[in-house]
Amino acid sequence: MSLSNRVIVEITEMPKLKNPQLVCGLPGSGYVGKLAVDHMIEELKGVPFANIFSPSFPPQVLIQSDGTADLMKNTLYYCKSKPCDLVLLSGDAQPVSPESEYEMADEITRICEKLGVKTIYTLAAYITGTFTKTQKVYGTSTSAEIVKEFPKHDILPMNSGSITGMNGLIIGVGKRKNITGICLLGETSGYVVDAKASKSILETLSKMLDLKFDLSGIAKKAKDTEQLVKTIEEQMGARHSAESLPMTQPDKKLGYIS
Amino acid sequence: MSLSNRVIVEITEMPKLKNPQLVCGLPGSGYVGKLAVDHMIEELKGVPFANIFSPSFPPQVLIQSDGTADLMKNTLYYCKSKPCDLVLLSGDAQPVSPESEYEMADEITRICEKLGVKTIYTLAAYITGTFTKTQKVYGTSTSAEIVKEFPKHDILPMNSGSITGMNGLIIGVGKRKNITGICLLGETSGYVVDAKASKSILETLSKMLDLKFDLSGIAKKAKDTEQLVKTIEEQMGARHSAESLPMTQPDKKLGYIS
Amino acid sequence: MSLSNRVIVEITEMPKLKNPQLVCGLPGSGYVGKLAVDHMIEELKGVPFANIFSPSFPPQVLIQSDGTADLMKNTLYYCKSKPCDLVLLSGDAQPVSPESEYEMADEITRICEKLGVKTIYTLAAYITGTFTKTQKVYGTSTSAEIVKEFPKHDILPMNSGSITGMNGLIIGVGKRKNITGICLLGETSGYVVDAKASKSILETLSKMLDLKFDLSGIAKKAKDTEQLVKTIEEQMGARHSAESLPMTQPDKKLGYIS
Amino acid sequence: MSLSNRVIVEITEMPKLKNPQLVCGLPGSGYVGKLAVDHMIEELKGVPFANIFSPSFPPQVLIQSDGTADLMKNTLYYCKSKPCDLVLLSGDAQPVSPESEYEMADEITRICEKLGVKTIYTLAAYITGTFTKTQKVYGTSTSAEIVKEFPKHDILPMNSGSITGMNGLIIGVGKRKNITGICLLGETSGYVVDAKASKSILETLSKMLDLKFDLSGIAKKAKDTEQLVKTIEEQMGARHSAESLPMTQPDKKLGYIS
């Protein structure tokens, strides 16, 4: 699958990786996936090696805590690990239009081909709409063999429905390029930044990758993420004002962040 | 008519066909056309030979009953039949934007040119807004000669109005390439998946093509289609949640599926 | 001004014209301009010589009174007249997005360059929002010299505001190519197809071009146009149904026709 | 960063400038930035040298006070000054879609590269939503060194939030090209054309550039700008009428001007 490429990738270093696997955690419902991958980046000391910019990200610069401003971006990190190397994808936003989501999925899987990535995990939320006490993990894959192994890892296989947005498109477009895709979805209400859902999918992922890392600090990270979400949603409400407005009421319908 | 081509066609086999005719049944009002063509594919043992992907399809993967996920797509099948070979087009979705509908119509008619297709039938719904007891079949064509033959086949010719979406564009763009286009519209309320409307247009089409096939099983197929529709509409409601949510209220206004 | 060209122009005959001037009457508020130009085409026996198709027109085929269907299009006619030849532009629709309006204006002015057109008239509506008894004609031009001559022709010069859509863009883009543009606006309520406003601007245009033609039949033409408008608006309401629905309530917000 | 370029730049003269700095004042909230830069153009006798047109500007021509019409555009001026030459950017509008804002930012920074501009100032509004008595100036920069110098100029550094629209994107895209970007935001309610906010940021900018000019006439200019805003907003309300309508109620939600 090859689309006209308007996505800009700034690579600072092209790492040499052994049998690498990609784990994607972009902003989405409950920030379940982003929170999980940001935690992995910290615990596994991920090294940033590429920034991805796109005219389909929300048209704004984000102001950092040191007062500087930068375009919205996705960032790739690598981790030399055992038993396999990892590539981790985190970011400020997903593209704002359906067509540019396909385009971004095409670019990300193109990078996977260059790095030799054969398996992609996307981490997502399974929204229930109500607060539940369980922390189930659901899954789907582009490979029937992987689906058959789900019970072994306590993953509930989905057998209808769909995965919208980047979490679905990355594995769907990857399939066209013979990359195996797996989407893990943590059960969540969808109303809050949900560190428990992130923890559940990381426990599952840790087993699947046979890779151990500390999960105790993830609750704190949920706090930081909540702050970022608040900032972004406020800006979205002020979308057409051209400038920042912390006290504006966010227009929930804009929904840039998905 | 030639547009910048971002549609991806994956061809597994390019069949050699004698005097082939194309019958299109994409998802639309009442799923009348899709239901009809899916029935033909089953009864006439259509062989899939090409998948069409597009960044203008809804940005999601659909989860199959076996738990695996795949991008939304349209699929072409061929049937070696008497008195003429057939190409059948079915799919999960229509493009989500007006411009990409033109683009897809351009791609489909380009494939027709390669296969030697000289006549295209699009199967559609004639929505009445009320439940009726009759099952009339309406029609229009890009050829005045064909329109004159409509009474012979008990087709009511339309003489005003328009056909929106792919069912109209495929025959309109085809005309630019000297392919004759015919649109048959089955009378339906527009509120339900309507197997009776599908049956009526198949009876008419069967006469026009001088081709016989069993129509008894189509009612059962309506049930399956209803399930698919429900799934897709639910996902559309959850469009910006990035993930699947069976219990979300669908936002009827999104109307991706048309 | 040169944009990526996705507009398709089918030319049946490239006429040789002496000092030709273009008059544009595309569908818009009150159908004032379209009605006027369609009347000129009939009275001056305009010869169609080019059809313009675009993926940015509404995605539908229009069904003609003879039962045949064709893509929405704009059509160019020429008239060999004294003291100057004319090119007349009429059509079913304007492009549906802002960017494609620029693109269409670019294409139309490119055709003007090829034909040697040095002056473009766009005919538009000056909407008052209330029914008035007067039939004033307002005007603007890309040339200050032309504006100075307005009083001579009883044209009221506008000195603020803007002209949106194709009527403005054609003269604005034309200016970039050294083509003089004039927009004449007939006063109208904006609520009905207004043959009186069309008649007023044709009287003015007739004086400016020093060209006489019968204006008595224009009232009848208003009736036909009303029928077309009704048909198109109904289809717009049924936009996502993929098929024609004469009894659907039109969604006024869609506003494809502008 | 390089995007497909559909922006049209008409250059009448390419000035030779010494160590030039760009100051951008595009229409936005409270017209704070545009008012400020338009004042600089007048006081410093800026010489226009390039017009920028784009199919992503609102699709209309603006009617000038002399009755002539022209496409919406941005215009670049240069001023030979001490201690440094200046390039000033003003305009009628910002692009209407997120993607075309990135494209325009890319084009403007490309022009900067050609002119040798090393520093860009964007002037914006910091909207409080309430009328305040203070006239604070906030700031952010793509350079941490510049942020550290903010207190010296009485600029309050922002440390969260974002800058949406062109004021953010120009400095963000500029950073990719090693151009230092600074955004100064004048505190304003957001409800009126605010000459006081413009005056505050000009006082700050004047100190940063070590450049003196008269600020007494800016209040009058606010009046003129208010008239332009009114005109444009009225036209936006009449967006789909294709023609000008001074008495139409503007649809506030359209928000083309941001």
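So that you can tell them apart, the chains are marked A, B, C and D in the order they are listed, and the count of residues begins at 1 in each.
Keep this in mind: a contact is a pair of C-beta atoms (placed from the backbone, for glycine too) under 8 Å apart; a residue touches a chain by one contact, two chains touch by 3 or more.
Since this is a predicted model, take the numbers as computed values, not measurements.
Student: Over half shared numbers or under half: where do the identical copies subunit C and subunit D land at their interface, same or different?
Tutor: Under half shared, hence different.
Student: Just curious, how far off is subunit B from subunit A if you go by their C-alpha centres, in Å?
Tutor: About 35 Å separates the centre of subunit A from that of subunit B.
Student: How big is the gap, in whole Å, between where the Cα atoms of subunit B centre and where those of subunit D centre?
Tutor: 49
Student: Among the residues of subunit B, which ones contact at least 2 other chains?
Tutor: Subunit B, residues with two or more chain partners: 4.
Student: What pairs of chains are touching here?
Tutor: A-B, A-D, B-C, C-D
Student: If you look only at subunit D, which of its residues touch subunit C in the complex?
Tutor: Residues of subunit D touching subunit C: 4, 6, 8, 10, 53, 55-56, 58-71, 96-97, 100, 227, 231-232, 234-235, 238-248.
Student: Which residues of subunit B touch subunit C once you look at their complex with the stated criterion?
Tutor: The touching residues are 1-4, 26, 28-29, 94, 98-99, 101-103, 124-129, 140-144, 147, 150, 157-169, 171-173, 175-176, 181, 183, 185, 190, 255, 258.
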